[in-house]
Every structure is written in structure tokens, then in C-alpha cells.
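Each chain carries a letter (A, B and C) given by its place in the written order, and its residues are counted from 1.
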């Protein structure tokens, strides 16, 4: 895994918690992540593990009740320390965000062309005549065979995969250096997965950006990610290059996740994610861990390096 | 949920406390209609907290008497409207087809008449009096609920759990009464509280025109209208009854909001 | 157990009802007890409409439905209500599958009460409910909660408990795990299989995820824009697919699986959008091997026992290391 001189995104000890009526929700705890230039990092985890919060926190898109600490270094600058006006400049232009449900992310009463042109207008200072050509170029680079039709039509005339590509086009308009894709395959057919992958690959090719892909779809991740980080109950429990981590999973959670896939035997991992409010002081995976020992109940595991870039958070390995 | 419940309880207590003088006003404030020509147009004082009107009647007592009448009438009218609207709206929405088309036709006709004029015509035809007043206002206002409930039913009809109910063999009547209507309650409640205020105004408007409640019965709308002539000399004749009306309308709306929150079983979810 | 013949559904729109769209066209299949049939297709191909028609939640324009030997096509009203318990469905979206105002206990009780299985609020009813909950792996405290307080996987189990209360002969599941995480998917699928072993119902599994289909289904049917384009056993489809559409699906599927042959990978010409359906093969607009003959209606032809394809240009049932299409006569 070749690293760039300066990583595009570097999360240093990021903590995010929310004050809610029922207590303090610890969505992200002590997260450390690095994404180099041109790299794709997959963030894997179940619903409720905090991965979407992490993705949104990079762009400070969280609601006002969120409290963040730590550092989010984007090309060297700490986003958490910037004022709102600066963050707004980064959003869309330098960091593109593709959110979960493409069907709901597009305005159904506006034509696609209008929406793409709006994002081009905001992110590039082009005269009106050139804007339309810029939009058509964007669409062509995402392999739309009939970009004119796409511009003229409304979102409901497009399939899920096509809507995803329109969103990608809107994201690309600012020539970003980082793409954050939040569950890009959720709600889409498995058959469209290939198209989503192609879209992301072309996006990155056209903008030479890096990507943070948040997903729980292991097959999708295996196709596109260079490195992965696995999250459980707000913590990153395993991290490293994809082939290394998937080939030799060390954390019992990742092992169970891989084994629960249909083609690996559908081995059931019992129980469900622990609540992010009453977090136990010991290992958060203890209750469901098939390999837990007595020692796992007594202390909270810290990350340990298994080899040069593969780290795991497990007491048994330490 | 807990703080939700505490708020609801707090608001309900205030509301009920305020309701007591209204409901029991015939016992607590029996002198609303007592004339006293010596005490005409007196400003608010320790004896008459709200002052007196042009016929020497104590405004405080009259306000509460009037409120009792208005609120009572408005409440009964709205309750009848909800029942009628719920039945018609849910049947039209659920079964669709011819029934629905007929209903929509009726709805459009009723709604195209300005409500005040329509109620005036009805009262003119049927004669004045409390019963015809109630009838006229019900006829004009039931469509508001029917329309709302019909659209909610049409949306809910297609949801998975209703399809599931049909799949397990539940009859249409059961689905409507046990599964659809309870889920429709939510949006109806704030409309209900708003409409009560609206109906009180309608009653007073009709009263002013001589078609509704007849004087000397105490009624807030009538009182305000009487007081307008004396506005420069005795502003309290308008101000006090109006203040009472506004206070009750606000408390009712807040109560309605809390009730709707309580009925709505979804909590806010933190996005994770 | 379930036999469906020539089911069709057309939606009409426009001023004189002249514009129409055939969402399901001439679909026929049969499933035996204890057997699992998979129906695969993209979103919009009509699989959910098909499921709802079989359950008589939607009116079909033509065709017959026979459940456990009884023709339910023409049934209405009370007779239909009595037959409904033989065929049940599980939906895709756990969030909207249960009444949000009813506690789980009442949701399951509703099924028992509607079908008069036990008297309301009796000890018998409570016993049945806790038995059902136990069977699908729910804890007693879940019974006292609302559906929005449970996770997606738990809700699907509740739905399963409700459905099993009626001991159906046929269960149709419409993408039950597409909204769930991988680990939860394993739990739900395992329970469905266990229940099928125990109750012997026929299972129709509608999905777009070939992974799961390969695991769960004995026979598979591929749908494209409302018609069946290929049908056969699991091996027929996964190893000897013949229709160009099936092959393109498998191509994408196998791309994820390092180590398997990518020989049957076939690129489509374009994205399926809202192509108007005309008389011929619905896939011809996107197919790479389109010929003049493709503008005629394609019928399902048998190319080997139990394996049917609706394509005039079907590849011979060998993995395509053979260059070019072989003429299929």
C-alpha cells in the first residue's frame, strides 16, 4: 500500500457523543484513521455502530447536539478548528459527500439537469453557456449513454443506479480530493452493485481523489477497498490493508462477520449490537464473542499492532 | 418519553385547573346576568375584577358564563364533526371507487361555499336557536376532518402492515377500526384544538348578526361586539372577555400539541 | 402446493385508458411442499406485484392460482378470508411491517383473534404467543415492546411468528433481508430454514441477491420486466445459464468471487431505464446478441429437463469457453 507524502484524511483520536434524553450516546470513541492519496478506505460495521456518524463528522454535518473532540486533519488542516464559513467552502468543493438513499437525495420536482447545474454553479465559476457543457461532460465521464435525456428528465424516470450516478456527477462538480460515500449500495439491487463500483471508480479516476466508503456490504467492500477499518459499538476494532485483514482476520467480530455470509456457511453470530448509551467498561464485544475468556471481562482492550500496518483491538491478542 | 410524559402531565394539570371555573361557572359565578344600573361602566376594581358593562353586569362572571357556553357548543360541534368526518373519510378513502368519487363531489360542493354564508342560509331556513346553530356549523365544518382523514387513510392503506393484516384474513371493518383509524389520530388532534377557537369565532359572528345565540345570554362573541361601541370609554368591556378567550385558546392549543406528541409513538432517532 | 398459471397484470393510464404498462406478463410456475423456489430480478421487474397477486392483495387481470389443490382465483369475501391462512407473506421493510401502535404481544394476538384460533385474552392465547415467540428466538421482554423499539432482525422474527401461527402451506418472502445487516441476515435466514424443515411449507424466495438465492433455493426463476426469461434448478442457473440476461447477472455476481470462472460474463449494451415494452423480447433493447427474430414474442422453451429459456438465441448449456453462440434449434 503506497502512502502519499501527506495523507488526505487523518483522524486523530476522534470522539463524538450526543446528549440525548436517555443519556449520553457515545457514537465514536478514540477513532484513528488514515487515508492516503488515491486510496479507498472501507469503514465496515453494523447499523448502529457509529460509522455514519464518523462519516458525517468529517464534514461537520452532525446535529447541534453532537460534541466532538480530537482532530480531523484534511490535507493537514484541522477541520474541527475551522469556522463554519471555511467548512462550507470545503463541503462540496474539496470533500464530496454521497449520502445513503439516492432515491431521496434528489429533489423529485426538479429536473436532473437543473440540480446538476446548480451544483456546478456553486462549485465552479463558469459563465452560463459553459455550465451546460460542463454538466454534459460530467455525465459522459460517468458513462451515461444519453446525457441529454438525463438532463431533461426527472429523477423518477431514472433507475436507482442512474440516480446514484447523477449524485456522483453533482459531487464531482467541485473536483474534490476526498469522496465520502455513505452506504452507496443500500436499497439498491445487488445487481446494480457493479454499476455503483464502476461509478465510484470513474469518479476517482476523473478527480484523482481518495475515498472513504461506509458500508456493511462485505462483497462490495472486497471489490473496491484498498484498506479497511472495522467498527463495533463506536470503536475501531481492526484496521489495515484489505487483503491482509480479510485474509487473516484477527478480531472475533470480523471473523464472525465473514463467516455469516451465505457463501461461507451462514454461521450465526448471536445477539445484537450493544446500546451506545450504557457501554460496559470492559471489551464491548464480550457478550457476543465466541472466543471470550475471563480476562476479556476485566479490562478495556487497546489497539495492538499485529504487523506493520494491521492493528487489532482485542485483549487476547495483546 | 419520560420528559414527554412529565410535560403532558404539567400541561394537563394547568388546563384542567383552568377548566374548573368554566365548567362550574353557573355555581361559582351565578350573577352574570344581574343588572345594576348604578354600577354602569365601572373600571376594574376590587369588587368587580373585570369591571362592569353598559348594563352594570359584572364582566368577570359574564366572561366565564359566556366561555362556558361557547366552549361547550364548540366542543360538541367539533366532536360531532370528527365522528362524522372519520366515518365518511375513512370509508371513502379505504374503499375508493364510486363511494370515493361521490364523497369528493360532496366535499367540493360543501367547501366551495363560504362557511359563514352557508351557515347563515341554513339558519335562515331552519330558524334560530341553539340546535339549528349546532346543525348549521356541523354541516359546514365536518368536511375539514373528512378530507384530512381520507388522505391519511389512502396513504396508510398501501403500507405493508395493512397489507399484512389483509393477508392474515382480517375483515375490512376490523382493519379500518383497529389498525387504520388509531394511526390517523395524530394529525387530527391539533386541527381539533385549532378548530375549537375557529368555531367560537363563528358562533360569535353569527350571534352578532342575530342568527346565533340571542342576548341576554352571555356569550363571549356577543360581549366583545357589544363592547366595541364603548371602546374609547370602557376598553375593559372588549379587553377582558377577549383576554379570557385568548388565554383559553392558547392553553388548548398547547394541550393539543402535547397530546399529539404523546399519541405519536415514534421517538426521535439519533442518526448513527 | 402452489401452482400459478398465466398471471398477468396491466396498469392502464391516460385519458381514454389507452396507455398501458404490463407489469407482469404470463407468469406460470409451481412449487412443492418443502421446496424453495427463488425468483430473481431487478427492482421494477414485477416480482413484488407478482407476490401480491398470488396473495390476492392485488387483482390479477388473468391467470389462475391454485393453493394446496384449491383454486383461489375467483374467491372473494368470506371464502377468501378463510383460504388466506394457507398462503402468507413476509415483506421487505421491517419498519413498516407492523402496526406502530400495537405492542408485539398484540400484533401476534391479532392473528390468533382474527382467525379464531384462541379466545381473546385467554390463557390459551398467551401460551400460544409465548410458544411462537420462543420458536423464532424472541425473548419474553420483547413481547412487551413496540415494533419501533426492536431492531430490524427482531421485527422480521415477529413477522415470521405471526405468519407461522397460521401454519401456512406456502410462504412468500419478499427480500426479507435486503434492509438488514449481514450478521442479522444470517440469523433471519437460518430461522426461516429451520421453520421450513419443521412446518413443511413451500417457500417462494424473492430476491435480487444471488448469494442468498444460491444458498437457499432449490429451483430458480429469473424475471425481467414482468416475464420469466429463464427457469431451472439451482445448478442449471448458476452453472449452465443460457439467457443473455441471466448470464449478465451472473457475470456481475462472479466478478465478486475470485477464483471462479468469469467466462459467463456478458456486458449489457445499456442501462435498463424505463424501456417501453413492445411485442418482442423485453431484453432486446439491452441485449448484445439481438437479432431480427428478437422482435417476436419469445416463449419458454425447454433446453434440458426442467430447464426452460425464453430466448431464440440461447447459448448452449455449456460454460462459454466456446466462441460465439451455438444455434439452438
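One rule holds in what follows: a contact is a pair of C-beta atoms (placed from the backbone, for glycine too) under 8 Å apart; a residue touches a chain by one contact, two chains touch by 3 or more.
Everything quoted here is computed from the prediction, not taken from an experiment.
Taking the mean of C-alpha positions as each chain's centre, the chain lying farthest from the centre of chain C is B. Across the assembly, the chain pair joined by the most C-beta contact pairs is A-C. Each chain gets a centre from the mean of its Cα atoms; for chain B and chain C, those two points are 50 Å apart. Taking each chain's centre as the mean of its C-alpha atoms, chain A lies 31 Å from chain C. Among all residues of chain A, those that touch two or more other chains are 47-48. Those residues of chain B lying in contact with chain C across their complex are 159-161, 163-171, 174, 178-179, 182-183, 265-267.
Note for the complex: chain A touches chain C at residues 46-48, 145, 157-162, 187, 189-195, 216-219, 222-223, 256-257, 260-263, 266-270, 272-273.
Only residues 42-44, 151-154, 178-179, 181-187, 189-190, 208-212, 214-216, 249, 252-253, 255-257, 270-274 of chain C touch chain A when the two sit together in their complex. By the touch criterion given at the top, residues 52, 55, 57, 81-82, 84-85, 88-89, 91-93, 96-101, 110-111, 114-115, 146, 148, 159, 162-163, 166 of chain C touch chain B in their complex.
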